[in-house]
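Working notes for the structure below.
Labels run A, B, C and D following the written order; every chain starts at residue 1.
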Amino acid sequence: MQVKEYKPLIVAFCCNWCSYAGADLAGNNRLSYPADVKIIRVPCSCRVNPMFILRAFQRGADGVIICGCHPGDCHYTSGNYYTRRRMAALFSMLDFLGIEKERTRVEWVSAAEGAKFAATMNEFAETVASLGENKRLEDLRCKR
Amino acid sequence: MQRVGVFVCWCGSNIAGTVDVAAVAEALKNEPGVVFSTDYQYMCSQAGQDIIKNAIAEHNLTGIVVCSCSPRMHEATFRKTAAAAGLNPYMVEIANIREQCSWVHKDMLTGTEKAIILGKAAVAKVNLNTPLTPGESPVTKRALVIGGGIAGIQTALDIADAGFPVDIVEKQPTIGGKMAQLDKTFPTLDCAACILTPKMVDVAQNEKIRIFSYSEVEEVGGFVGNFDVKIKKKARFVKEDICTGCGACVEKCPMKKNPNEFNLGMDNRPAIYIPFAQAVPKVATIDPNACNMLKNGKCGLCARICAAGAIDYTQKDEIIEEKYGAIVVATGFNPISMEKFDEFAYNQSKDVITSLEFERLTNAAGPSAGKLIRPSDGKHPHTIVFVQCVGSRCDACAEKGKEYCSKICCMYTAKHAMLTRDKYPDTEVYVFYIDVRTPGKNFDEFYRRAVEEFGVKYIKGMVGKVTPEGDKLKVQASDLLSNKQLHIDADLVVLAAAIEPDKSARPLATMLTASMDTNDFFTEAHPKLRPVESPTAGVFLSGACQGPKDIPETVSQAGAAASKVIGLLAKDKLTGNPCIASSNELMCNGCSSCERVCPYGAITYVDKEFRMPDRTTKIRRVASVNPAVCQGCGACTVACPSGAMDLKGFANSQIIAEVDAICK
Amino acid sequence: MNKNFIQEEILRSSGVNPKKCMKCGKCSATCPAYDEMEYHPHQFVSMVESGDIEPLLSSESLYKCLSCFACIDRCPRGVQPAKLVEAVRLAVIRQQDKNHLTANDIPKLLDDETPQQLIVSAFRKYTK
Amino acid sequence: MQKITKDQLVEKTVALLSDGTVSAVLGWSRGEFDYDITPAVFKTAEDLKENFVWNDFCGANFSKYLVAQTGKVEGKILVFLKPCDTYSFNQLLTEHRFDREKVYAVGIPCEGMADIAKVKEIVGDGIVSIEADGENLKVSTLYEDAPALVNAKDVMAERCVNCKSKKHVAYDELMGDDGEVIESNRFDEVARLEAMTPDERFAFWQNELSRCIRCNACRDACPACTCEKCVFDNPASSVENKAPANSFEEKMFHIIRAFHVAGRCTDCGECSRVCPQNIPLHLLNRKFIKDINEFYGEYQAGAEVGSRAPLVDYTTEDLEPGEVFDRGDKDA
């Protein structure tokens, strides 16, 4: 029997104005991070609906990270402040339901922080990998 | 079903070095909707773009996915390509397989695998794309400047200079603002009036500029390019167009004892008055609370004396409605009230004054004709104590002072101290400071001159209390550097009061849906990169309404705001970003959640009639997004519980499709 | 008692955050007992902040403070120097080991002479 | 035992109907069993006298019904509001869900409602009638000749045991005396769960939520869930209704539902009252309320009309999502 090597699947929602550009900068500087990280571009971190996060977990993602502009630097002035409240509440709820808290994260990464982006992704991927597969939120019918 | 074309770019070896581009093109062929898939060395080159154009025509494509570099790089390029081929530019999606794939991953297998997944996500998204058209709105080529101080004056002049009509609304009877009250200006010591009044005259004479003095903004509707503004012109009981400003009425008015606001109440003015000699417009105004004719119907002297027949006791407030393309806020500042600072005895002694009062006392047109005297007895003061940071940098006493540094006090105090020593070398001048902050061209040099050349005694420490005793003011203070408590018998104490935004700013911000910070300063759209724009489109900020500023800074910000306004008014039409929010009225609850999170005030509510399944009709309140104001952040879409609010170009279904494609 | 411990105790029992101080000296400027004191109110703040507490513990200044609270009233940053002075006094008392009062001790202290106010303030002070 | 009687309510209502103040009444109507009370719209005095009920099982919160009913009635509709219902009433007004002018709200005191599940635990199944008898409920069953006496306090619903307020925050007319906001222990159960290990919590919720049959009763009774169309019913939302074939679907539903009402939920407890599977759904909402209180300051939805719900608000000093957990560790 062949044992399939476990590779975590990570969905990263990145704000178009900062972290998405930060990810581009990481690319420009050839700073590597695991290919398990897949980025979805959103206009602002406040566009991220909890539904998207749960959907990702449902479909088998092992970790979800939301990256936005640093508080105070939102392109839309206040979007990331709403993100901060919504995600604080949501993550606390997931924790309350017994979901490993390490699987969810919010990071503020500016367009200039390519190195921080890569480092964050490396560190997050490692954390998620050490937790193993997401079993508590996945939808069995959606499993590969 | 869409007909999707996929174009995988090699980017030379930038992508092809770590991604098997042919395999990616091949793999994506099997995705739903994909009818054409190819790869090419440089998709952004002319030849590459031709491949895209030809494929669109040949395969009747309704959507395309370009697997290439970051959309931040070439999304605009490929949108133009699509448009050139007759495809809606918003039917283009980019899969970022360079910056976020080939450049960060080392081996071919990993790179190719990830590129395919990113491509699939883009295909899944484009399948749900809909053609979008940017909204267009006309621009009313007229600007409104609220506030007629130096900030408003400069902004108005610069806008008018570019050929656009400008209206200034000023609540006082004259423009000029705080600068008109000042004596000299730091660090060059030009007289304020000498540099300001010519500008005021320019404003009065400029054909493009209308001045609504003694007026206030009453109501603001509309949005960028199309503001509808109601301006209340308060009754001044003098016909503005007839009054010649001769001043005969002012001289003859019997009701002489009213505190003169322009001199901060240090002397009196009649009930009918012109604030100062160089006022613009130079027109008399009757104070209805002081005029005997208006109060009791007895007198009427000014009407009899006025040769031009300008007096009109029946004048009423007038509402003027006008359309504007842009609004500049220049509401300025005021010194905070000293009422609550008992320790400085401001209320107990006339000889404890604020710095602005000191300006009037030293101003040649002021209550003492420029002679520095003690307000209580008119005697020459020999010992003067200046106290800095009164009410500034105040953390503990929110009800008394302000947490921020008021920025201008260090410099004007140095100016006051220096000028006093210059004109009256017999005076002893103390300045009590916590820090002396002098960032600015020639600012520190100026302060050093006050100390070194003019012998002003700067003492690190604070004044603890001021006690009036006889005709002296006992000043008890600490000298931190020599670790002593000082007791000074002063003749005059001058308080460098903190400054705060004008009280009219808060209601104005509500009218404009412009955001403010907790101190009531207007917030800028970006603290570094968009400092003169408010987050609300079409609203610009000039001067101290945005934060404490000195004159040079105010003037440069005023010019910057003007150039932003000119850039806006120069356009015939505003094209918006089509990726904006829109509400599905059938599902909208009208709950206001979206409105509360919208940073731009783009959401309003309308009552709409709906046909119910049982053939009755029901009127419901539903959200409506103003496409000219919405910037497309999407905060509302998450606040909306029913999912009625969605973002075009980043719809819920599109993002979920991407998630699904990635997680499949 | 080591230095850090005393510092922490003083900060805890006073509830003062000396880092808020912007070193304007208004506390000392306003202090009526200034000339009597070896260390002045602003010095209390900066010495406690830097942990230089030994000199304060043995200084007469502690008992020159009238607890008029003018410094608390006037301080623009809400640092409350008088509370620090009080806390240092308390630290001295603690070192003498007479530091605590429990509710059980109260009945035997009650008599017709002692004002209730005294008991209350002693209780407030010695239970911190 | 309720302090106010059915007769008092009927008398008041008939008077208001006959003098034309109101043209319809939202009240409780007799159901199949004594404990099975149905919300109903009464339009005549006869109907009221015959079918109106007021007893320890009149838990239904009518605020939500105003959204639909105010549009259907000419003139004003009378609604009875228990103290906890008034919060929902205000919250719906904040959200502009009905026209205040079309409602005549009568505040009535509430001594706490009974939970039929608790009654059944004591007396068993086969209940044929329940009558109030002083402090007790007299319960007759098919199987026992003599009715069982159950103390009303012993069978009080959890939400009433932990009642947060006996004060009416909205009414046009108040019957009886107004009470006070109560310092309740309503967050104790949430705190107990918080103190568990993640594995224990997961097991707890797995056990509870796996019983969900997705009947949507919680949603349909919830006064905060008044969406014209629920995302879970909307095919365009990509998350539309699905049968619970596995463990995650219902979790998704309940998390999203709780999130959608977070900051708006008044903690009225209707979700748990109507759940046929007795899932303690209110704990999810209370968790959000508890978090919001701790993160952003005390907030009671519906306490006043027009207040800004915490999740559509912010301060620049809010805590970071990561700190949510650090905070927990510190407490531990």
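Just so we're on the same page, contacts are C-beta pairs under 8 Å (C-beta built on N, C-alpha and C of every residue); 3 or more make two chains touch, one makes a residue touch a chain.
Being a predicted model, the structure only gives us computed values, none of them experimental.
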Requested in this report: Specify the chain most distant from subunit A by Cα centroid.
Outcome: C
Query - Chain occupying the most central position, where position means C-alpha average - result: B
Query - Of A-B and B-D, whichever chain pair has more C-beta contact pairs - result: A-B
Query raised in the report: How big is the gap, in whole Å, between where the Cα atoms of subunit A centre and where those of subunit C centre?
Result: 50
Query - subunit A and subunit B, separation of their C-alpha mean positions in angstrom - result: 35
Report summary line: Averaging C-alpha coordinates per chain, one finds the centres of subunit B and subunit D separated by a number of Å equal to 46
Query raised in the report: In subunit A, what residues contact two or more other chains?
Result: 50-51, 55, 72, 78, 82, 86
Report task. Could you list which residues of subunit B touch at least two other chains? Result -> 597, 639, 652, 656
Report summary line: Among all residues of subunit D, those touching at least two other chains are 231, 238-239, 311-313
Query raised in the report: With chains as vertices joined when they touch, what's the shape: line, ring, star, complete or other?
Result: other
**Report entry** Touching chain combinations (by label order)
**Finding:** A-B, A-D, B-C, B-D
Report summary line: In their shared complex, subunit B is touched by residues of subunit D numbered 71-72, 94-97, 225-231, 234, 236-239, 260-261, 308-309, 311-313
Query raised in the report: Hey, which residues of subunit B end up touching subunit A in the complex?
Result: 70-73, 96, 98-101, 103-106, 110-111, 113-114, 117-118, 121, 515, 523, 525-527, 535, 579, 597, 599, 631-635, 637-639, 647, 650, 652, 655-656, 658-660, 662-664
Report summary line: Given the complex, residues on subunit B that touch subunit D span 586-593, 596-597, 605, 616, 618-621, 639, 641-644, 652-653, 656-657
Requested in this report: Within their complex, state which residues of subunit C touch subunit B.
Outcome: 20, 22-31, 34-35, 40, 42-43, 70, 74-79
Query raised in the report: Of all residues in subunit D, which touch subunit A in the complex?
Result: 190, 193-194, 198-206, 231, 238-239, 245-249, 251-252, 255-256, 258-259, 262, 284, 287-288, 291-292, 295-296, 310-316, 318-325, 328
